[in-house]
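Handing you this structure, nothing more for now.
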Amino acid sequence: MQEIGMVGLGRMGGAMARRLQRKGFQVVGFDQNPQAARAAELVAADTLEHLVSLLSPPRLVWLMLPAGEATEKTLEALAILLAPGDLLVDGGNAYYKDSQRRAAWLAERGLLFADVGVSGGVWGLEEGYGLMVGGPAEVASRLRPFLEALAPSPDSGWVHVGPVGAGHFAKMVHNGIEYGMMQALAEGLHLLQKKREFQIDLAALTQAWRHGTVIRSWLLDLVAQGLAEDPELKEIAPVVADSGEGRWTVQEAVELGVGVPVIAQALFSRFESQDKEGYDRRLLALMRRMFGGHAVERPA
Amino acid sequence: MQEIGMVGLGRMGGAMARRLQRKGFQVVGFDQNPQAARAAELVAADTLEHLVSLLSPPRLVWLMLPAGEATEKTLEALAILLAPGDLLVDGGNAYYKDSQRRAAWLAERGLLFADVGVSGGVWGLEEGYGLMVGGPAEVASRLRPFLEALAPSPDSGWVHVGPVGAGHFAKMVHNGIEYGMMQALAEGLHLLQKKREFQIDLAALTQAWRHGTVIRSWLLDLVAQGLAEDPELKEIAPVVADSGEGRWTVQEAVELGVGVPVIAQALFSRFESQDKEGYDRRLLALMRRMFGGHAVERPA
Amino acid sequence: MQEIGMVGLGRMGGAMARRLQRKGFQVVGFDQNPQAARAAELVAADTLEHLVSLLSPPRLVWLMLPAGEATEKTLEALAILLAPGDLLVDGGNAYYKDSQRRAAWLAERGLLFADVGVSGGVWGLEEGYGLMVGGPAEVASRLRPFLEALAPSPDSGWVHVGPVGAGHFAKMVHNGIEYGMMQALAEGLHLLQKKREFQIDLAALTQAWRHGTVIRSWLLDLVAQGLAEDPELKEIAPVVADSGEGRWTVQEAVELGVGVPVIAQALFSRFESQDKEGYDRRLLALMRRMFGGHAVERPA
Amino acid sequence: MQEIGMVGLGRMGGAMARRLQRKGFQVVGFDQNPQAARAAELVAADTLEHLVSLLSPPRLVWLMLPAGEATEKTLEALAILLAPGDLLVDGGNAYYKDSQRRAAWLAERGLLFADVGVSGGVWGLEEGYGLMVGGPAEVASRLRPFLEALAPSPDSGWVHVGPVGAGHFAKMVHNGIEYGMMQALAEGLHLLQKKREFQIDLAALTQAWRHGTVIRSWLLDLVAQGLAEDPELKEIAPVVADSGEGRWTVQEAVELGVGVPVIAQALFSRFESQDKEGYDRRLLALMRRMFGGHAVERPA
């Protein structure tokens, strides 16, 4: 039976650990929050040392941690504990250049590394995850049984994208596309909602759109379900968070000289939803007053 | 057995007629091109008069014609031939304000009208269509058996959106969303393609994305299939046509004061792909030369 | 001495009337608000009839009224009062297709018409206006003395653009460009303001930019002056109104198939600043919660 | 009399050296291309060593070199040749984070540094430059006579923006605004040009717009002049280069979470003008063929 150590047992890591267990894998888990480890119902290690000691070499340790410092520090700690030939996988949303840097640094210590972009959110436990692997071919081969178990079916939903970095790069672009698709849906539904004279039942319409149309998609499935529960979205404020991957997609596009008007607009819409101050808009109102004598609104 | 007259037996109308026949409906068809009528393998009328004479009142005549003059002229001709209580359906991509105008005009002649947005393209024959109906409730009821047969299944993929015009309005917005989603996919894949160092197999990646990811969608299914056949798209020029509905979506948004940055950008990208002259870009190059002495490229 | 009747003595019309008087023209004014007429310090007519009676044929009557109903009704009223050979000028911000329609309708009554786009805002009284004339060449000739007086200098700042409609068309596009320029300035200054570590004095920077830089412009002059008075814009709410011309520019571009990404974005930014409800953003937050379990903000 | 060493005597540096000479400064110049040095008509050094030897301490050496390697290497070379207390100025278009790094590194060697954004292009020799200074207050004071001479007038067109990096940051944003303004002008003129029925003389219209309008600006002055010479722009290809600063502006905005829709669109329009391959557009055409059976254009 195959063993895996899962570090980070939150919304993503916890569910992935459970899915692997259900498929018959031996999963040892660690989370700095002991509560999370208990919730995951698996062999829980108390420390990273403990986790490593519970696995037989050559080990596989899979991280599902927030990108940035949490991932960096944990990789550093594990690098000391693991032995040459062990394999570290970062399944979080790291910046692909960080993954390239980390792979090089771990290789100097004899450790293998793969970056795996994981998509699917909270539904992955039941429906399976989409997985994009970056790393050498032999590493991808070693991961294959795990990928086949995590994916919706053994032969679909996972792919070896390319060398180290390519997995997180593909996931980054996946999320950029996601931003654009989400924004397209939101704009269209906004327009329907503002067409007051038709009093369109958006829950019914999106439900119908799920079948037979060109725009049928999983995001539409979710919207239809969400609107069925609360069509007016009264309990949700018009503020949209963003994460690193949308930003990196735009920055990478700028670096490569590739136009991404839609992905960038989707990102900027989120920025604007987060900006309470609106200095840009105050400036525009100022200009209108200056040249045309147009009245400005006063702050509330 | 229920009867329907189908006018316009092209890619959409021909396939819809066949699907209805397969489901047991009596379909009488007419197309100004006799070839199309023969290809559709149904009772073919030689003229609109003939078509009307083959149907028993109260009749249902469904148009699948290009929006604009073809639809307008045919409605005018049928208005003279039909009798009070007969029902005309426009399943083409008409502008919703035209549909409202036409409904009012037909009502003066005692004729009923429904506007039905139909999505699904060339796949609808086998997979069923998405249908969005505008018109009075009793008209929608009368159409129900046909909608149930055309949709992917009797209880999914069709919806009575609202009063006359609402069906084409919903279809218009559907296509606006489609523009945005398509552009998001194209931008993301463009970025992956330009990341030369990773040499990503886009056919394999999009195939994997179809399962388990957040962006899984029918458009992605089509892209994966298309790239499997020709990953470099060597036989396709970088020119993208647009149709009325993308344009109307943006114009309606402007009229209602609703921001649609992503849908508009998707439309403008198509415009730019169609513009061989590039006067805007020549002007930009001119400005750069004027203020900075920067070299300009000469036309080929 | 040359005579002109000015109808509408608000911010624009009142100042234009004064400028013409200062330059020695005989101006008869009318405003439905007697207060405005008195403020303009000119020969004030009590009614349109009175205004017409005070002018000698062939008359020139220049309207500076809000586009839409006010302009339409006043043109209709004047059409009855005026005599063949009289000339009506619409200097307001009418939609160019309305101007074309009105010109045709007035021509049937033997009346001449010109559409004149007027730019310059509240500064025009002292600095002169930019004027764009649409109409036949002989009408433009007849207007020439007035254009020379209203413009910053007799030989600059006015132009006969083309046939009827071309004046308002050019003004419409002028305003579209204005939207884009304003937004570019606002975005750049927003970015500078958000770079907290540099604590940039935006009033000083924009003042310096007014001289020698590539972006020196009248809008920048106004921004520098406005920021000198109130750099934090504390008294201005982040809400930006829009007027017909920005909207028409985008709709015309869509009709002609011309990409205007920047002008459209500038318009959409204003729409978003006006939208308190944010249904699009609520939808985006909903989607994030649905697929990723991400927390949403609650409405305040 | 005040001395300055100018390194890089190209379009910008050569003209700045001449302007300083005309104002009575002692300018020693160096360019790796001896031709450029001769053209600038000043005391020309044969090498950097020679240049340094011709200046009396504390020296001022001002670089006008391409950003990136040329600037980096020259700063490294000069750091060895100069003495503590000497002042290095980078007037090129460097990335502000590079300038911050370089200042720190030069400070370790006892050398002072200022980053000065210079705007004005090829017109600066006659009209003066806009200058944005980053660095300590005492360094800015030391530069003051030079700034006063380079600017359009001693008391306008230059500003001490803030600490090291702030000068290049302000110039970067200046160029971002420039991109947006240029694009706004290009879009508007494109729309006017496509309105064939009005046959608008764009040279005459832009000439008129220069006076009295809201959009009057130096860029408009240049466009009017350029169109007067060649209204159809037949000799200019529709390809627009971009430089680092537009890209950095967008990347910085993404980093700070500031929406810059217009500046980003202006940048993407340039990218698209440079992209002969159009893989994104081929993908869009593919999708349309896949779902709708729409014909695609074949490559020429």
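Some points to look at:
Should a chain be cited, it is by its letter among A, B, C and D, assigned in written order, with residues numbered from 1 in that chain.
Please note the rule applied: contacts are C-beta pairs under 8 Å (C-beta built on N, C-alpha and C of every residue); 3 or more make two chains touch, one makes a residue touch a chain.
Just so you know, these numbers come straight off a predicted model, no measurement behind them.
Among the remaining chains, those touching chain A as well as chain B are C, D. The chain pair with the larger count of C-beta pairs in contact, out of B-C and C-D, is C-D.
Least-squares overlay of CA atoms from chain B onto chain D yields a rotation of 180° to the nearest 5.
Taking each chain's centre as the average of its CA atoms, chain B and chain D sit 47 Å apart. Taking each chain's centre as the average of its CA atoms, chain B and chain C sit 38 Å apart. With each centre defined as the average position of its C-alpha atoms, the distance from chain C to chain D rounds to 33 Å. Each of the following residues of chain B touches two or more other chains: 121, 183, 185, 187, 189-190, 194, 214, 218-219, 257-261, 265, 268-269, 272, 280, 291. If the chains shown are joined wherever they touch, the resulting network links each chain directly to all the rest. Here chain B touches chain D in the complex through residues 11, 121-123, 182-183, 185-187, 189-190, 193-194, 218-219, 222-223, 225-227, 233-241, 261, 265, 269-270, 272-273, 277-294, 296-300, going by the rule given at the top. Considering their complex, residues 119-121, 124, 127-132, 151-153, 156-159, 161-163, 165-166, 169-170, 173-181, 183-185, 187-192, 194-195, 198-201, 204-205, 207-220, 249, 252-253, 256-263, 265-266, 268-269 of chain B touch chain A. Residues of chain B that touch chain C in their complex: 214, 242, 247, 250-251, 254-255, 257-261, 264-265, 267-269, 271-272, 274-275, 280, 291.
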